[in-house]
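These are the structures in question, set out in turn.
Note that chain A is present in both complexes that follow, paired respectively with chain B and with chain C.
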Partner chain A sequence: MATLPFFVYTIAFLFVPAGAVMLGAFQDKHDHATFSNIKLLFHHPYIDAYWGSIRISLITATIGAIFGMFVAYAAIREGTPRWIRSALSTFSGVAANFGGIPLAFAFIATLGPLGVVTVWFRNAGYDLSTKWPHFQLFSERGIELAYLYFQLPLMILVIAPAIDGLKREWREAASNLGAKGWQFWRYVGIPVLMPSFLGAFILLFGNAFAAYATAYSINQGQNIVPILIGAYYTGNVLDNPHLAQALAFGMFLVLALMMLIYIPLQRRSARWAK
Partner chain B sequence: MAPSAYVWLLLGAAYFVVPLYATLDFSLKKNVIGTPCCTLHNYGWVVHNGDFWHTIKISFLLALETIVISLVLFVPTIYWVHLKLPKLRPVIAFMALVPFVVPPIVMVVGLLRTFRGTPHWYYGTPWGFLATAYVILAFPYMFFSLDAGFRSIDVHTLTEASQSLGARWTTTLFRVILPNIRSAALAASFLTLAIVMGEFTIANLSAFHTFPIFIQYVNESQGFPAGALTLMSFGITWAAMLSLLLVGRKRGARGAVIAGAR
Partner chain C sequence: MEDYEAQEVEFWAKLEEEGMSRSSMLRRSAAAAFGLTIMGSASTALGATRARLAGPPTVETKAGLALLVKNAKKEGHLNTIALPPDWANYGEMISTFSKKYGIPITNDNPDGSSAQENEAIRSLKGDSRAPDVVDVSLSFAIAGANEGLYAKYFNTNYKTIPRALKDTRGYWMGDYWGAVSIGYNKSLVSNPPKTWKDLTKPEYKGKVAMNGSPLSSGSAIAGVFAATLGAGGTLSDVGPGIDFFAALKKSGNFIPVQTTPQTVASGQTPISIDWDYNNLAYVKEFPAANWGVSIPSDGVYAAYYAQAINATAPHPWAARLWEEFCYSDQGQLIWLKGFSHPARFNDLAQRKVLPKNLLAALPSSALYAKVKFASLSQQTKAKAKIASDWPSKVG
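On to the complex of A and B.
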């Protein structure tokens, strides 16, 4: 009984709207059933937007997961002072939440055409946009670099408990049995961490895949799915809302697939926790 | 400390500090490029801007409304689930994962379609449409935080003790249970505050003028005051997250510190 308001609320404001997206994806302007919106998703520019989103998510999730893992391990491993670890986890908690519009501005101030780092290099006689690495903030590379600002700390937060779970005794046991450093990692460390690592990777992928504000603020013309959906509502091109619903439905499918991989991984990684 | 640990930590630190430094640098510049450092003029511009106060007030009140609705909705539910319906817990835990599959950009599309044509007091004001959407955004963080809070106390013993002394349900809930999960509820509230103060996606697509919308407007029109505004916005997130960590230190209320307004 006491749980009734909760269920009514989530059905009304989560499940019904989610259902409306799915239904709308298969309707035309007059609410008749059709596959034309879904078919359109496989054509230019929509399919390119999905690839753009997937590329950005894969790249930032990969770099974020690997780099974040090393930073977290560096902070947690023996010999690193305790304060570094607590400072890192506090800072990660904040930085993982520092997304969206302010983050975009921080990167415009750093690497935009008048950004501080851009100007440093220019004053030193080196133009980052024309010479190697041909970097431009208003491009896919630029958006990826900005996304890493929340991807990395998220990885650190998510993977830290798993690294904690690598027991010291395992290391000692391995070296007592004559294992070298790399052998410990090859046969104990990496297999134990793998499910958590993959789970975190999926979390990061979804995190970048769903992101809208940061990319929008850096380049409103970037061809990724959330910006395309947004353009249907904020611009004056809303001639077919069902196409926006189809785009949203496609995002839902990708994320649902991620979730299906994530849940069993989560179960597996819980085995070594505590 | 191992040398490789130094390298990784320094690299990480540089990546995180340089954009903040650049923002600070921008915020202290005069409106004319090339003039020497430093001026607080941009901060003055922000503080004397009527839209700044107007939008920050809307976002803050929205955050409070979201927190109140969420607590009213979730505290009794999670309490009841822990007390009488433990079988329902996995169901709710699963539902807390749904917003991962239905992110804000998908959710707002559904909400706009579902509630188009509803009365103005709901569809046309942030207090109706946006607040109900933000409660859903806050749901996973509320759930994981409160769930950890309830798990760390003995719900059954507390309830029985309270009832055998003649307390009614409301008394038990407000005078016995709530004080015991206070830190979890506070942690969830601070997290919700940080989310709502930074939420851009839903507000932008449904055309409400909240604080992040104002920041984006300044970003597009005035470079240097935008630096000041960005740092102030970062300060709000920082304050909310630090408060969260402070209240969460006591109990297992740190279940979820991943949120954000991407």
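On to the complex of A and C.
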């Protein structure tokens, strides 16, 4: 009985809308059943949009997960002053939720074509967009950089409890048995962290895959799936809600595929826990 | 000045020609829309009964205006949607209407899109917050009328709206038109671009922006149409326009930042392709941006938006009074003051009620002489082409 509100909530706000999207994906303008929307997804520009979304999500999830773990470990390990850890977790809590238009604005104001940093470099005689690193905020690299601003802190927040779980005694036991530093990591540290790491990676992937407002505010022409869905749903121009639903359905499939890869990997990596 | 009027007459004649294919389209779709029409008017009647008012008229006469004003005042409120205050001078339109009739206006979602306007009519049906009137782009006006979203209403000045700018069934009428122009920040752009070809020059690297992406913005689609003309193409195939922007992107001239009043004021979009009424409004609004406007001589394209009344409007009388006000001489001049060409421009010009200072603020009429409007089929074709090619080619 106590879980009733939870189930009512998930049915009303998860299953009903998801069901409506799936149903709509297979309908035409007159609500007749059709596969034409789904077939379109395999043609350009839609397939390119999926590649664009997957590329950005994989890159930012990989960089975010690896660096986030190192940063979290550095802050949590023995010998790091306590205040660094609390400052980092407070900052991460804020930054992980700093997305959308405010984040895009912050990047436009610093690294945009007239951003503070860009202009500062230009005044010093160095144009960041024409010379190394050839940086343009509206490019895919620019959007990835903006995404990392919330991906890294999210990783730190999610992985911190797992790193906390690495007991000091294990390390001591390992070195008493003659293990070198790398051997501890190879046989104890990484296997213990792996399931959480993979879980966090999937979370980061989904986080970037579904992000809309940040990318839209930086470059609304960027060919990624959420922006295309937006154009088909709310634009002044294209009015095809069913194609938008098919695009959303395709996103479900990509995430489901990720889960299919993730579950056996996770199970394999958690073998030792049994 | 006489020269200017002659140009206008010639232009309207051309406009009528362009509109022909559209009206034949309309006739064909009228039969299909008939069933929905009945449903639409039934619910209008229902809403009116609930409000305990005699039904508002579908055809207004000069004599009936007093009753319209009386009942609108009794309703005491008007809901509008997606009217940016600095777009075609809507801010003044709203405040003048409110002051004149003592009817406050709630303008919901000022930066909304046409799709959101039609969606608000559908989803807020029966709700007192539903929009009473909408201002949508042409394709949405036609789709909305066919879906039965709008009420039929012939305002007192309906006859003087050019034929090509109105729905003969009275479900929508064009409100104002604008041409695609190139705005530029004179402090950042020393050599003003005058044609589409000019925009490809290396000196404009990282400077050229549009008011949105053509996947979601009507004015950006218009930009692609105009660039197509500039590249020597026709309105039936916007391929050359898409390639033009692809080349601009490749050379680094095009920046995919959506122009807003803020980006103009801050200088983030030093060159902006947008409706002439938006660019001309920036000249006055942001003197510090030092804004200038060109009507590109190698491709002049224009389009209009349309007014319609929600079939299930919570304030049906006030909605009709708003239409009367917008299409009155006073309302038309407010639009003109916002640098858009109001629907009854020609009528006002013939009756010589256009103030000279307003005309002087518009670019020379000679620049608009070659203006072209796309037919509905051309627009549909262009959208399909843009939807399939723009994301991969320009993106």
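Simple rule for what comes next: the second predicted complex is superposed on the first by the 240 of 274 C-alpha atoms of A that agree within 3 Å, B and C clash if a C-alpha of one lies under 4 Å from a C-alpha of the other, contacts with A are read in each partner's own complex, and residues count from 1 in each chain.
As a convention for this text, a residue touches a chain if its C-beta (ideal position, glycine included) is under 8 Å from a C-beta of that chain, and two chains touch if they have at least 3 such contacts.
Owing to the predicted nature of the structure, the values given are computational and were not obtained by experimental measurement.
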Touching partner for A:S129 - first (chain B), second (chain C), both, neither: second
Partner chain in contact with A:L114 - chain B first, chain C second, else both or neither: both
Touching partner for A:V188 - first (chain B), second (chain C), both, neither: neither
Which of chain B and chain C A:G221 touches, first, second, both or neither: second
Which superposed partner A:P45 touches (first chain B, second chain C, both, neither): second
Partner chain(s) touched by A:I54 [first = chain B, second = chain C, both, neither]: neither
Superposed model, chain A: greater residue contact from chain B or chain C: B
Partner chain in contact with A:T234 - chain B first, chain C second, else both or neither: both
Intersection of the chain A residues that touch chain B with those that touch chain C: 108, 114, 230, 233-234
Residue numbers on chain A that touch chain C, as the complex places them: 44-45, 48-49, 108, 112-114, 129, 138, 219-223, 227-228, 230-231, 233-239
Complex contacts: residues of chain B adjacent to chain A: 1-2, 4-6, 8-9, 11-12, 15-16, 18-23, 25-26, 33, 73-74, 76-77, 79-81, 85, 88, 92, 95, 97-114, 132-133, 135-136, 139, 194-195, 198-201, 204-207, 212, 215-216, 219, 223, 226-227, 229-230, 233-234, 237-238, 241-242, 244-245, 257-262
Touch list for chain C against partner chain A, complex: 113-116, 119, 137, 139-140, 143, 206, 212-218, 221, 252, 255-258, 266-268, 383, 386-392, 394-395
Of chain A, residues touching chain B in the complex: 1-3, 5-6, 9-10, 13-14, 16-21, 24, 67, 70-71, 73-75, 77, 79-81, 84, 88, 90-91, 93-102, 104-110, 114-117, 148-150, 152, 154, 157-158, 206-214, 216-217, 225-226, 229-230, 233-234, 241, 244-245, 248-249, 251-252, 255-256, 259
